[in-house]
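Same chain, two partners: chain A is paired with chain B first, then with chain C.
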Partner chain A sequence: MTAPAPTPAPTPAPVPLPAPMTAVSPLLTRLAAERATGALLRDRGTLFLEDGRIVHAESPATPGLDVLLTTGGGLAPERWREALDRAGARRQVARFLVDSGGLAGGELEICHLAAIFDAAFFALSPGSGPSRFRRGATHWIGSVRSVPAAAVERETRRRRELLDAVWPYPLLDTAPVVPRPAAPGQTVTPRQRLLLHHADGVRTPADLAWVLGRPAFHTLLDVRRLAAAGLVDTPHAAAPAPAAEPLPDWMTQAQSPDVALLRRLRDALEASL
Partner chain B sequence: MPGIDECLLEAMALPGARGAALVDWSSGLALGTAGDSPVGDHETTAAETAELARAAAEYESFAPSEAEQISGGGTPSGPPVEDLIVTTRTGYHVLRFVETSFDSSVFLHLWLDRTEGNLALARHRLRSLAEGLVLR
Partner chain C sequence: MANVETALKEATTSIEGAIGAALVDYGSGMALGTIGGGKDLDLAVAAAGNTDVVRAKVRTMEMLGLQDDIEDILITLGGQYHLIRLLKGRGATGFFLYLALDRGRANLAMARHQLKKIENELEI
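The block that comes next holds the complex of A and B.
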């Protein structure tokens, strides 16, 4: 007679992984943890990593460093092109710009950080599709400043919330901006005026970012602020087609009140008086 | 050629300095930080000081409208609003606007201890630090 098999020790229930906040991009989190170097490509932008930190980012949805730096006239476009020609192959465009006196070191850092967070906001947006990672890829801008991937993810999340806190209307991000007249006595600030001046009802917020030489997220945010102040029209979503389901005839064919019945009632009432 | 980190370190060398940051007032993003934050979180402080800076930088009473901004003529020298000072029971906050050659919206924030800090010195130093950031 065999002894009853000892009951197996109960296996511990799988502990759910702590997920206090959903990662903006799980792949980015993993690449940062393994201190990877390369380019993280997504539909709406690319993040460049070095030892797991973000060293550059670009997105077709945002004006690049060249636009940000040259639009205001601070850096001549020829100097930008010269830097690309002379230092692009060496991947030291940033250092060349500063060393050649085209740009102050602090200015470059400020503009570069603005560009990173701006492009990352769009690259990491929910609809940005699947990610691919090209290991070892670097960017020709060269080294400026790096930001921890976690900081970029945190800021991306904060920016999404900020937009909706100002004016929760995502359609404003893509619709052409149509200015509205200010109310009597309403303050329109110089920066707002500049934006409204270029808002012709055709340009979208993204187009305005290029014209103004400002980061795209800043333009989205300014447009939401303008909408909250009633200074631009909130676009109307195309109204859904009216429900075409036909109602039965007995509901739609208005029946004339039964005159004959009313007459009989009246006659009966009069007769009873 | 001072960068953001050197600039913040120099600000922290001022007597009574408790925290410093370079902040973008349009988005509320801290581009760089040093020392402590009054609320223990530089990101929150950046977002809050940005709101204050934005109001000062944009309201017409402080920053008169410049018609030439639209026509594009003339090079203004120095930011229209130079700095903001907030005095609290225990400290001073100095917000110094940084003018760059491109369209930006950044300022330096320095948090000083009320008893050890020297407000006049801090204002003077922040001005030169802000100018140093954009010096070629």
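The block that comes next holds the complex of A and C.
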């Protein structure tokens, strides 16, 4: 064995930044730094900013604040419609709901925060497409509470990691939820029982979120937990078609028959007849 | 009307020995609001971890067939008390208040009583 020639100290390979350090959305980080006001639009949702802080968010993938407050909470749908009619144009729907006595301030604030973080999770998801910013745009809900953009990014990242820590099968998030029978002695919590009750094998987690009036992320998390416990089917991606392994030439390439041998064989057979 | 921030502020100022408090969304494990804590007690981490505590207890009650609700959960450490109070509002089916107390300075009975009062003021 020969000694290796002395080499200069290797230059360290560029270390990739640990995942938590990468920005969920570089544009959002920039807008927060310049204290921008407006709407950040992406395919899967919109974030509304005021002075660089997030004041509202909505996503087609999640039940809105109205669903959380009416289906999920105690607000009568008429009260919500009344607030829209009377205060929507003034962009003070939230304040109207509380001032008119339809809703307690604490409940509004909590549901609004839940709606922001829920919509932001989907709006900032990796497949959400390019971002555009409409400067100056505001939302008719009005001002409730604002959260720093960094807090929303941090929570979005935590939620992604939590889903995969519970049961790393992202297909569950979009596939119909198919319940499985519980094992003998296996129990579910009242929350889970309600979800399973509405899981008819057709509804996806997002559909269930609407039916239950719960945030969509909460439903994704519940479904992953149920799947991990074996109470919901885990869909598996169709197995990839086995890659055609090329056979060696000596197997595939036809060899010319040994004509001389065949002739002798035929002659011998004829002679013995 | 008390909002989340004022309710939490009241928890830490009016309750003797309070180190930190958080209002936690049980469905996601996220703290909707925090106060105090500091570098010795990361309330965001505490929020997520204590969600598992609550879920474990809910599941255990289900296994025992207990038809009842959890009012609060007390965890006693060597130097601290951790109090978890589940909120029972009409829309609040998934939130809890989390309070960390210095065991040397806190009056546990008083703290539980005051936390209950803060829940009522939170109006959810």
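Criterion: the second predicted complex is superposed on the first by the 218 of 273 C-alpha atoms of A that agree within 3 Å, B and C clash if a C-alpha of one lies under 4 Å from a C-alpha of the other, contacts with A are read in each partner's own complex, and residues count from 1 in each chain.
The definition used in the following text is that a contact is a pair of C-beta atoms (placed from the backbone, for glycine too) under 8 Å apart; a residue touches a chain by one contact, two chains touch by 3 or more.
It should be emphasised that the depicted structure is a prediction, and the values quoted were computed from it without experimental measurement.
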Chain C versus chain B on the shared chain A, clash or fit after superposition: clash
First (chain B), second (chain C), both or neither touched by A:197: first
Which superposed partner A:214 touches (first chain B, second chain C, both, neither): both
First, second, both or neither for A:117, with chain B first and chain C second: both
Contacts of A:101 with chain B and chain C, given as first, second, both or neither: first
Partner chain(s) touched by A:180 [first = chain B, second = chain C, both, neither]: neither
Contacts of A:189 with chain B and chain C, given as first, second, both or neither: both
Partner chain in contact with A:160 - chain B first, chain C second, else both or neither: neither
Chain B or chain C, by number of chain A residues touched: B
Which superposed partner A:69 touches (first chain B, second chain C, both, neither): both
Overlap of chain C and chain B interfaces on chain A (superposed complexes): 69, 72-75, 98, 104-107, 109-111, 113-114, 117, 145, 155, 158-159, 162, 187, 189-191, 214-215, 217-218, 221-222
Chain B contact footprint on chain A (complex, rising order): 68-75, 98, 101-107, 109-111, 113-114, 117, 145, 154-155, 158-159, 162, 187, 189-194, 197, 212-215, 217-218, 221-222
Chain C - residues contacting chain A, complex: 1-4, 7, 23, 25, 27-30, 32, 48, 55, 58-59, 62-63, 89-95, 122-124
Residue numbers on chain A that touch chain C, as the complex places them: 69, 72-75, 98, 104-107, 109-111, 113-114, 117, 145, 155, 158-159, 162, 187-191, 214-215, 217-218, 221-222
List of chain B residues in touch with chain A within their complex: 1-4, 7, 22, 24, 26-29, 31, 43, 47, 58-60, 63, 65-66, 69-70, 98, 100-106, 132-136
